[in-house]
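Take this structure, written in structure tokens, and hold onto it; I'll ask about it next.
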Amino acid sequence: MVRVGIIGASGYAGGELVRYLLMHPKVEITYLASGTYEGRPLSDAYPSFLGQNLPLCEKYDAKHALEKADFFFQAQGNGIGMKVAPELISNGRKLIDIPADFRLKDLNQHKKFYAMNHTAPELVAESVYAISELHPKEIAKARLVANPGCYATSAILALAPLMKQKQICLGSVIVDSKSGVSGAGRSKLEVSGLFCEVNEGIKAYGVTTHRHTPEIEQELTLLAGEQVTLNFTPHLIPMNRGILSTAYASAGQGKTLPSASEMVELYKEFYAGKPFMQVLDCGKQPCTKNVLGTNFCHIGVVVDERTNRIIVTCAIDNMGKGAAGQAVQNMNLMLGFDETTGLMSPAVYP
Amino acid sequence: MVRVGIIGASGYAGGELVRYLLMHPKVEITYLASGTYEGRPLSDAYPSFLGQNLPLCEKYDAKHALEKADFFFQAQGNGIGMKVAPELISNGRKLIDIPADFRLKDLNQHKKFYAMNHTAPELVAESVYAISELHPKEIAKARLVANPGCYATSAILALAPLMKQKQICLGSVIVDSKSGVSGAGRSKLEVSGLFCEVNEGIKAYGVTTHRHTPEIEQELTLLAGEQVTLNFTPHLIPMNRGILSTAYASAGQGKTLPSASEMVELYKEFYAGKPFMQVLDCGKQPCTKNVLGTNFCHIGVVVDERTNRIIVTCAIDNMGKGAAGQAVQNMNLMLGFDETTGLMSPAVYP
Amino acid sequence: MVRVGIIGASGYAGGELVRYLLMHPKVEITYLASGTYEGRPLSDAYPSFLGQNLPLCEKYDAKHALEKADFFFQAQGNGIGMKVAPELISNGRKLIDIPADFRLKDLNQHKKFYAMNHTAPELVAESVYAISELHPKEIAKARLVANPGCYATSAILALAPLMKQKQICLGSVIVDSKSGVSGAGRSKLEVSGLFCEVNEGIKAYGVTTHRHTPEIEQELTLLAGEQVTLNFTPHLIPMNRGILSTAYASAGQGKTLPSASEMVELYKEFYAGKPFMQVLDCGKQPCTKNVLGTNFCHIGVVVDERTNRIIVTCAIDNMGKGAAGQAVQNMNLMLGFDETTGLMSPAVYP
Amino acid sequence: MVRVGIIGASGYAGGELVRYLLMHPKVEITYLASGTYEGRPLSDAYPSFLGQNLPLCEKYDAKHALEKADFFFQAQGNGIGMKVAPELISNGRKLIDIPADFRLKDLNQHKKFYAMNHTAPELVAESVYAISELHPKEIAKARLVANPGCYATSAILALAPLMKQKQICLGSVIVDSKSGVSGAGRSKLEVSGLFCEVNEGIKAYGVTTHRHTPEIEQELTLLAGEQVTLNFTPHLIPMNRGILSTAYASAGQGKTLPSASEMVELYKEFYAGKPFMQVLDCGKQPCTKNVLGTNFCHIGVVVDERTNRIIVTCAIDNMGKGAAGQAVQNMNLMLGFDETTGLMSPAVYP
């Protein structure tokens, strides 16, 4: 049993990590750090953990953390990973950073979008931006993994198969995403997060300015081999979990896209052997409910002959494949386990 | 007091019409047709009408309808308007058809999308496709009005100001819409409409094939003066009411779009003097909650300099501006009332 | 047109008052006080008011308030009414206090449940606890009205017809209430109010200790003519608006309750001539949806012969009959208008 | 690996059983019967099962079922268990019946509440009504288990510890329950089940007549050793899963109830060693969210000294401890596994 520690255990992502890891047969949670719940059981934050065997929460202390665990997740927030990573890594521990400290290779972009100076720039270079399906080998060798953003995961998985094809116009890409509310986290107390303000309404936010834009572009650019610049528009919808990204791309100048069934086939081939990727049959559309609480990703592919455009819909759980699920998948890769270990439970439905 | 009749009173659109008309100071509901609730009070269908003064429902009978009312709404379903319109119109009554019988001027399109033969083609030519803000004069003179679809209303209102400008590439338009569930109506009993199947999930449907596509294109083509072909993608989200349409358009070849603030100004000018159209200040995004239960339409405008694309978000209540509200607004125009009569109540919030 | 002022306009109850008053044909909103939105339009707090004609918000100032309006609502919070009432009342204004400053006649109870000293005890004695249906004459003559609590309104309306009957055992009364979340208001920012914490869950709170208990007991005791002590258990459920109270009472020692149909009749008689009270026919159950956004109250009555117990269910909108709706009904009574003026719009459904 | 078959796999309870059993390390699903999905993968009914290893659905055939599996669950509906049980049992198979065929020992009650004649009355006598915590030994020896109803489970678990105490008046018991909507199942297509009809509303139903009443009374009578007659009032609330039952009982004539903390202690002792039963500390209230998707049961206990009444709140997942979870727990007991096997995953939160 690998001894695992979680820094920032009382946030939504932390709690979700605990849930996944409690179901994992090869690891044991031996360390939980939470400033808010110091000295208390995590079930004070989440009574859903009553009856589970977990250590008490403690205030993060590097020395004690190093004694207690061999593998770490940081889920507390932006700016924490760069603080804790150097000491953990230099002491031979592996770390998965759930927030954004190590996602953007371009430090200027990081500074622009996160408004902070990076204090561990050398680790940015070393870390792996870890969409599990796209870089399994690099992840397996990594000491430090930057877990992708939830929106970014859905956008990249939706578009990755198109990036190496030369069929679409890279400048035409638009990603229109709709997310449940848990992505905002538990610690942000604002009027806009109140039940009554969210329930029975939808709105866009961060239009043209959302922080996940640069990581989507970074990764798609890498896949395409040339610069990808796109529009990403997130929307908040009244549900707890789930992201549906609807991605649009037009055929390149003078080209005609393959048919829908050919495109579905292309997607199925691209994701062959990837157990969490389910490309739906032609004519079917994914629903976020079907991946709720899981690490699965469902993808629907449509081609419009009238407009010569492809429309790809991609459903994930923002807390699952979009955060804790993918983090555990990455941990599996980093520890040499089968990547599905502890992750195959199907969605709670309905 | 104008005597008003509603055909199809027990569906969601019918019930919503009754609600609006009960608040209207210049009309009286004197006729309600509903096969399902024949001989019964409408409060059997909607206990929300307990305590209101309404006629009993009856089975539709043209002769009796003509005796009882001078102005009609048809809200029962597709294929009914073409049956009742000829007799009502020829007897000097005015009619607003909420479903789609008279929306598409091209009868082939109507047949293709609605799978039925039109039995009143001459009235299709005469009827006015009635986005109230765009054709108030034609509506004022009309005997027969085709009330626009809910998605179509939001898409057209979002894009109309751009159609006469020659700044955008007409071929670049994408409309990604998100709707509450009431649009499916009350009579369609399918597993997919059950609470548990809808709640906590989002999915796209009718991708590239939705029936509102041709009416959006018909109207935008008319406004632009040249053919507009676009992608329209509707999504179902877990709420009762509201549509948010997110529309994308790119600058025309070699052109640069005006700035966001200029674009907001352009929209404000376009909709000046239109009391239900609220173009939000630069940087603000509309939320469907703010128009719930009303005939208002809130619009947000963003321009992305990086991609040279405009993103317009448009929030309406699918049952209000998207159906019964706009129908009453059209009735006001047809009867020579101020267009806001009976329609100014603000949204129920939260 | 009576000039009306609202103190605490930017809270949920304040916003809801504005909504009702905008629909009212005989009053004009001439004064809006809100510390948070001082100098700004109320549409900054509630974009649902865009397009409405309203004064700017200002910081409460008694002198200015007296200049601007003749009738006031206080909706800001507990402890404010006792501060503003003396000056407003002594200057000939009438005031309806939505929170709890003037509800409890027993100042010890007030102190116990609200943890504050009362600074206007003489006005407590004068004020009328105003369930509109029970004390219309006193309300009509009042200068100062204590608007009842939302839960209290539903409980009292459910049980009032039984209190003068000597059929039930007064000691057997239990009220189990379920409420939407808007009752918590907009200014209370706690983790427990976040969308994700409320959605998809139900819990009881304030069991045996909720503040509305003493006002329910005070009013029922008054009606019964002897002390009523009961259990009141509120629950939060994942919806914005609505309270359903399920009240239980057993037959008195050695007595047998009338049949269900007799009890329904008794309730119908009790509320005869009360336009907002809808006692449902035998066998029907009220749903909060049917009163959403309104001042209506729907009541269902069942008698269980097996247990000799009556079960009364009472549905109101906590923001309507439970707050702003009843306040406007009380204003109508105080101003000599028909009590239904501006209040007859049916629920927004669905 | 025990070979397990599910009859009625495509309903909500069937799908939930599949989910639990896929997480179970000691059984294998080898047989799935569903008339609706005959010859198709279960992922056609629930795309959440894409990527899982499951047999195709087939039409139920006893001979084939007997070949394929050694242990069965029947989840199709009332009236099916009595048909399939005799052959399965007589061929040495064990069966857990999720619906109500074997719950009521009194066949007259069964006939009265389920309107059908029982065709396997001898098995009714043999079967065990299986609240796992109350009758583990009988369950371990049973060939045929009647899985309790969801409401009944919550009511019985809430009240069981009080039944042997002689402190409460048995005639005073009231159970007011609130349930998510999944209990209505997937096959019942009625207007009242549509998303828009359920969302944003609450209502009671089956007041004094609900089918779970007799099984609650049967079991509590057994525990108390004398007849218990009570009121049970179910309510539908707008969420997918979860039941909160609020149970009330008064002290017996001339008696005073123990204090709240003593009562909490009494409950903790009663459920000591029962891993799924979590009696909350004094002052805490359970929320259904904390048990969502699990077999856990959270209980809160309050005593009101003013009214000498105890109020017990009990939260379960109606699909978990209220159906499939308890069924798997019972299977564990019947197969000699630890009762927690495959059932310890915590709730998906938020």
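Each chain gets a letter, A, B, C and D, in the order it is written, and its residues are counted from 1.
As a working rule, contacts are C-beta pairs under 8 Å (C-beta built on N, C-alpha and C of every residue); 3 or more make two chains touch, one makes a residue touch a chain.
Keep in mind that what you see is a predicted model, and the values were worked out from it rather than measured.
Chemist: Please give the intersection of the contact partners of chain B with those of chain C.
Modeler: Shared contacts of chain B and chain C: A, D.
Chemist: Pick out whichever of the two, A-C or C-D, is joined by more C-beta pairs in contact.
Modeler: Contact tally favours C-D.
Chemist: Based only on mean CA positions, could you tell me how far chain A sits from chain D in angstrom?
Modeler: Centres of chain A and chain D (C-alpha means) sit 36 Å apart.
Chemist: Provide the C-alpha centroid distance between chain C and chain D, rounded to the nearest whole angstrom.
Modeler: Between these chains, centre-to-centre, one finds 38 Å.
Chemist: Could you grab the centroid distance between chain A and chain C? Build each centroid from C-alpha atoms only and quote it in angstrom.
Modeler: The separation of the two C-alpha centroids amounts to 46 Å.
Chemist: Give me the residue numbers in chain A that touch at least two other chains, ranges are fine.
Modeler: 12, 180, 182, 186, 196-197, 199-200, 238-241, 286-287, 289-290, 292, 350 - these are the residues of chain A that touch more than one other chain.
Chemist: Write out the stretch or stretches of chain C touching chain A in their complex.
Modeler: So the residues of chain C in touch with chain A come to 12, 180-182, 186, 189-191, 193-200, 238-240.
Chemist: Which residues, counting only chain B, touch chain A once they are in their complex?
Modeler: 171, 174, 176, 178, 180, 196-197, 199-205, 207-208, 229-231, 233, 235, 237-242, 244, 246, 248, 285-290, 292, 300, 302, 304, 306-307, 309, 311, 313, 315, 350
Chemist: For chain D, which residues are in contact with chain A within the complex?
Modeler: Touching chain A: residues 12, 15-16, 18-19, 22-23, 46-52, 182, 186, 200, 240-241, 275-276, 278, 280, 284, 286-287, 289-294, 296, 298, 344-350 of chain D.
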